[in-house]
């Protein structure tokens, strides 16, 4: 039984008659990165806002650290770092001054928290530049600094790479990964970009029109969607030799003594089976898996796909 | 009149001080209760929990000290966990990346052993098996280097050395191999000395990995290696006219093997560049790559000049 | 709570509007001394209280309040505060505290300016403690008197321009009420005049006018008016009550406004 940091039960949010989030059940495991994938307007931000108590759910339940969020906001929220929608700061103050306000109100774990957070995102400490003079990328960096300043156990990041340049994206990606791998933080991120989520997340929840379509670990998804021809046969060593010699093919992996996957889909399956049988091998199963991750998402979101 | 004023003032001041004392005691009490709660959580094994305090709070120094202790223990746990993780990856790599070539090799030897082939074909099988065994050994060598680097067991001895001479010496050994592969080579290394602080063995590995990567993957017939001074750095360019690397792949070429490379059967692929990246980083240098598909690739190495 | 108030002040850093606002406290006393040669401290202090206070500080505090209450929304910082978490009630209270301190501080600076000008122009000083009490008291009362208007502004939740218009309309309206007998010359009780904050404050202030070198008209006015003077506890009681009611209402409105 995995330990869930965030668990929602039939979480629903209605605006008027419009359901922005419908009966959502997500499960974020401890020490993993959970990617909420969905198009703009799919309900990602609303979900995150509810998790942070910024808007009240119409119905359903949110449990964070096993406790209902409702009624435990004070204790729960101080352990979470968050970034929701566009960065919001006081334009007449510098980045450091802005962070100091939030550090004073929330408290920090040490004396150099502000400096550390700014260093982490690559912004100068005690710089003279006002927030109003910041570029979009700098604003986003400052928002990330705010999210990590108090060294929280759980990070909820809504489209964290928005507005960042490619180098910034790579940096942010690597430190999010680091926070999870090295510090054991639990992270919930949202994105509308499939490649972003697949590069970063351990578990993926696909959300469309407010409903969760699928929730699965990336490893399983990749397994599901890795293009290959799978063979179950009597001797993989001989099969490998045949593939190399007869088909000049070296793009295959041997899983164990009886299972083998060929990654080149261009080779006809019947030809391979014939060759194996002619060489005295018994082939008990052969099937093709040719759905890419993109195809998979396209199918699951009903043909439209996710950018 | 004045007496009255003095009396009133003293009463007011006394009242104010008593009230202030109560407020302060109340706040400290609240802080201590908060600390107690956090520490209980930490005791139960949650090393990610921190005590948050605004820097001017009375209890802040105490809270910060406790946090520091928690962090330092957490760091030790993290490094243990990382070793565990590396071991796990080693297991995965062994099972995935070594099994395929090894099983294939067995396929050839079994065929010979069972007398499936005879005469000249038998000789060919033996030769293929021998070559595969060597490839496998080379691959395992690389694999272990990579894991040593990742588990920080790779000890670098940083010394001030002369880069031009060292580079020339490395390249001398490669010239016959360039000629064997019918590759045109241009080497432009100035006579003047450049002193850099590197590990000689590491520096050689970086070059050997990069050049062997060009030879086995780039399909180039021309290689150009230049060394020059730029600002306070030595800049080394390694240019080929091979197939180049697609933009999408270029972003990931220095990343770890298991996320990007699906064709595991090609020997050592993925690992070599990852080792280059790690080594260069450990020697305080930088390595980047630029490429145009169809035209070629250039690897750029930068090492800071020693004073 | 204290930290929230301190943070509210940090947020005002480099906001020209507030620095400029504070400077206006010097202008009217200065003009007064320059124009009237027979200035005495008593009159100068009433100018600080009445013109500076009711004509300038009143709209200023409404505009300041509008700024404070809109700024989290304008800069999208409310979500950051909510996630800390900071309760909206406490945040609103901190903003009230800032306005209160601004009002009292503004009056105190006016008081200091009047004294300084008196010293410079050789006007004798006297009754400083009473004047200090009256001036700071007026500041505190003005804070409460501005509450209904601030409530209106927050409730409308409209742009700054609308709030400025509301603020000036409220100021002018009050300034006119002050010279209207039907609001000024009414005994305390359950009537409109009792609950209009500004006339009540004037009815409290007028009784402290010194009659020493006042003219005949002044004396006559004072005597005609004296039955309607409002005592110190009464004025503070009424305005405290009104202030609390409007602050509670405002917190309710502020709490409802979405992130």
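The letters A, B and C name the chains in turn, as written, and every chain counts its residues from 1.
In this section, contacts are C-beta pairs under 8 Å (C-beta built on N, C-alpha and C of every residue); 3 or more make two chains touch, one makes a residue touch a chain.
This structure is a prediction, so every number in the text was calculated from the model and none was measured.
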| said: Going by C-alpha centres, which chain would you call the most central? | reply: A
| remark: Top of the farthest list for chain A, CA-centroid basis, is C
| query | Counting in whole Å, what is the centre-to-centre distance of chain A and chain C, each centre being its mean C-alpha position? | reply | 54
| query | Between chain B and chain C, what's the gap in Å when you average each chain's C-alpha atoms? | reply | 64
| query | Quick one: chain A and chain B, Cα centre-to-centre, how many Å? | reply | 22
| request: Any chance you could list the residues of chain C touching two or more other chains? | output: 3
| Can you list the chain B residues in contact with two or more other chains? | 54
| said: By the touch rule stated above, which residues of chain A touch at least two different other chains? | reply: 78, 104-106
| field | Contact set on chain B toward chain A in their complex | value | 37, 46-57, 63-64, 67-68, 71, 74, 78, 81-82, 85, 96, 99-100, 103-104, 106-108, 110-111, 251, 259, 262-266
| query | Can you list the residues on chain A that touch chain C in the complex? | reply | 49, 52-55, 73-74, 77-78, 80, 82, 84-93, 97, 100-102, 104-106, 130, 146
| Contact set on chain A toward chain B in their complex | 75, 78-79, 103-111, 150-153, 170, 181-185, 199, 226, 235-242, 244, 250-256, 263
| task | Within their complex, state which residues of chain C touch chain A. | result | 3-4, 6-7, 10-11, 13-15, 71, 75-86, 258-259
